[in-house]
Amino acid sequence: MRIDLNADAGESFGPWTLGADEALCQTVTSISIACGFHAGDPMVLRETLRLARRAGVSVGAHPSFPDRQGFGRRKMHISARELEAMVLYQVSAVAGMAHAEGLPLRHVKPHGALFHLVMHDDDAADGFVRAAAATDQGRCLVGHGGSALERAAARAGIRFVREAYMDRHYEADGSLTSRERPDALITDPSHAAAQAMNIVVHGRIRVRDRSRELSVQAETLCVHSDTPGAPEIARAVRAALEGAGVQVAAF
Amino acid sequence: MRIDLNADAGESFGPWTLGADEALCQTVTSISIACGFHAGDPMVLRETLRLARRAGVSVGAHPSFPDRQGFGRRKMHISARELEAMVLYQVSAVAGMAHAEGLPLRHVKPHGALFHLVMHDDDAADGFVRAAAATDQGRCLVGHGGSALERAAARAGIRFVREAYMDRHYEADGSLTSRERPDALITDPSHAAAQAMNIVVHGRIRVRDRSRELSVQAETLCVHSDTPGAPEIARAVRAALEGAGVQVAAF
Amino acid sequence: MRIDLNADAGESFGPWTLGADEALCQTVTSISIACGFHAGDPMVLRETLRLARRAGVSVGAHPSFPDRQGFGRRKMHISARELEAMVLYQVSAVAGMAHAEGLPLRHVKPHGALFHLVMHDDDAADGFVRAAAATDQGRCLVGHGGSALERAAARAGIRFVREAYMDRHYEADGSLTSRERPDALITDPSHAAAQAMNIVVHGRIRVRDRSRELSVQAETLCVHSDTPGAPEIARAVRAALEGAGVQVAAF
Amino acid sequence: MRIDLNADAGESFGPWTLGADEALCQTVTSISIACGFHAGDPMVLRETLRLARRAGVSVGAHPSFPDRQGFGRRKMHISARELEAMVLYQVSAVAGMAHAEGLPLRHVKPHGALFHLVMHDDDAADGFVRAAAATDQGRCLVGHGGSALERAAARAGIRFVREAYMDRHYEADGSLTSRERPDALITDPSHAAAQAMNIVVHGRIRVRDRSRELSVQAETLCVHSDTPGAPEIARAVRAALEGAGVQVAAF
């Protein structure tokens, strides 16, 4: 058994810092780096890449709608044609900077409102896949199993990596518990570790109200860098998995 | 004898258009494309790259200070370390998008206030060269002969291409006539053609007040895309050069 | 009989120009000035205000979603609470600059995707009205008759000015013909003049396919500054109206 | 004896927070609020104004160069004419939003690189004063005693408020110790309190190397909101001053 642990990173901007990149890179095995459209700037990007190199963590790009103030979480109505150009610009910028640091860019994972769009909209997903793979057909895409993005990746012959969450509750219909509910997040490290173990070992997730279990397949588990106690959560998850003989390594 | 003709391109943004890219690409042999910091956006970038491919024109990146409102013409005090990261981000974005269109990115030419900075400041020039060549040692740098940028390129072992202007007057000290003077620009196509011929055939430029001639070496002649009548100027220059047996081709 | 003629203005930005403000201000009686979020910058704003003062034209603010690249025409999902703050910021900036030029800010008209939102969404419309009137209860709002914005203005006791278009076709359901159709715009000045006369004199609009006439009430007629030939259209409309004894004056 | 204590505020942006506004507003008597150009956004602005109203703190605007990534600390070469428009836009936005919250905008204090510019450049200072006072001649300007800004305020007949620092060392020539030195800041609350007492009671500041005392006049003492322990510093300063019978109140 084998699993990747991933976190978002590089979400500081100019004078403002966000996240716990330094601590998380000690535990996770891959990071998705903000590309400058919702967070990140060239200085932050370079420092994050250097941190990943020192920590031996695999790197990916985390492109977004162009919306720093809304942190890429406000949906924007953008055509598939423009979406493709916008994602290609971002992925190219990060890929080039990674290359300059001697790192390959292994994956692309959409951020925020763009993530939700390409999980559900086939045209947008096709544009996203074209942009992500335009300069490297070997790059992976990361997202929900069964999503529009997975289908678009399959059409394009690009590897898709299914992701589940160690720090979020799920509802009975398979969706994530809305962030508007106070219990959307799992912040107790041992709870997160139990959920991670259940996903990796049994392929199952117990839903928020404990009424049933969902079947799930995942090659990577995500911890959100802005979840309170994210580094402790990641450490507890990794310790539990390794204690059970699961190999924790980049996909 | 052989010379490249170059123009800036891709300087539209969102709803706003600028320049005569379509017309200029019929005549020049290389273009320097705005990277999104002073002008250009992902849609404009892609369209400009496709135009260059159709026209068979060589492409380069035209990075700038981050200042759309000032069109990159306002000097900003930025450290060499930050300048390097900022240029690397821009060059990477354009290089990746060019690659996606099947085009190599052949050169990097600084824009506006950044151009003036790296012509004179050795630290800034070193940072600029590192950024421009980080992902491709074969990429050329373009600028004034004898500049800090030329020295930095030599230190790094990167090819430097000397540029002269077909549409600007020069002063006796070798500098360009300030844009604050009404006669800074050469807008008469036959005058521009005469200056171009003098540069290419005799290695000389007659200064604005006609008091003397400067000695000059250039591998490329620039026409500014916002000079009135730029396409006509470029056509007259090319016709004169070709009529004299000069080969007009990308460096 | 009396009517106002209005146009958008101040939609240039930095090095880029857009619209025919100088020409239109010779003919229209009020302008709606971009506030810096979709177009305009402090220099453009000040020049536009001075132009309005010289031409004796009434001024209003034209706030937008924060989206220069999309020219405020891409819908963004923003809460009513944030929308209110964002509009108040823009209206305050323009009102202060107008005051510094000795001009009162008479009206507020939403732009682009924000216009469409507040025509249909009651919560958004309430936020918009609060923001527009926060610093001056005597300021008017401009929009479609029968819209959510009109109802919100009525609830707040703020004057609402109904607008119709001299340069756009209407459909049988009262909506504007989509800009995606080639015949969305009326660019023939005499056609625009006929539509304007029909609106002002008879309170009627003949729909695009000429199958019927709609009943309409309007206190102002809009010409879009980016409609081809906008100044000629405005002049033909004004001449026709004045020839029929209609008083053309700011509301 | 009477003194104002001031702090910068509203320097969060979108998802990123900065400063200790809530804690500082319990102790200081006036705040200078970021206007959206180096920090702040309409939501942050409104929340900061409401915080000031609840705390009974006097409010001013803190305009900046347009540079979020550099936090307004990178010098930009901008003409006095453009500087005036840019400051007027910012001050108008904050003044209007303050008015909507029932608060008058009492002062304007330049931020970062713009502060340094208008302390030394007479043309820039004149433009700044015109912009700050354009909509309210009773608004104060805040800055160094003896600066270009003070002279410009005097020429315009606008009240100028001299500021000194409770949390920064001074050099023998009267300048602030550069932030590049490790001992630029005074972070020990009792040290800051001693410096504040010396300024207010004796009109003197002991320089960093303790070699001499400078003579100083100040109507307000500034604590930087990003100085480590800023709220504790402000509390110690206020307690010391009030213990000595000094009235701490807005200017």
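Order of writing sets the chain letters: A, B, C and D. Residues in each chain are counted from 1.
Definition applied: a contact is a pair of C-beta atoms (placed from the backbone, for glycine too) under 8 Å apart; a residue touches a chain by one contact, two chains touch by 3 or more.
As the structure is a prediction and not an experimental result, all values here were calculated from the model.
Engineer: On C-alpha atoms only, rotate subunit A onto subunit B and read off the angle in steps of 5 degrees.
Structural biologist: Going from subunit A to subunit B via C-alpha fit gives 180 degrees.
Engineer: Comparing C-D against B-C, which pair counts more contacting C-beta pairs?
Structural biologist: C-D
Engineer: Note whether the interface between subunit A and subunit C is symmetric in residue numbering, meaning over half of all numbers used appear on both sides, and answer same or different.
Structural biologist: Mostly the same residues.
Engineer: Between subunit C and subunit D, what distance separates the C-alpha centroids? Give it in angstrom.
Structural biologist: Using C-alpha averages as centres, the distance is 40 Å.
Engineer: Any idea how many Å lie between the Cα centroids of subunit A and subunit C?
Structural biologist: The separation of the two C-alpha centroids amounts to 43 Å.
Engineer: Using the touch definition from the top, which residues of subunit C touch two or more other chains?
Structural biologist: 69-70
Engineer: Can you list the residues on subunit C that touch subunit D in the complex?
Structural biologist: Subunit C residues touching subunit D: 36, 42-43, 45-46, 81-82, 85-86, 88-97, 99-100, 134-135.
Engineer: Give every residue of subunit D touching subunit B within the complex, in rising order.
Structural biologist: Result: residues 66-67, 69-70, 74-78, 113 of subunit D touch subunit B.
Engineer: Looking at the complex, which residues from subunit B come into contact with subunit C?
Structural biologist: 12-18, 39, 41, 68-71
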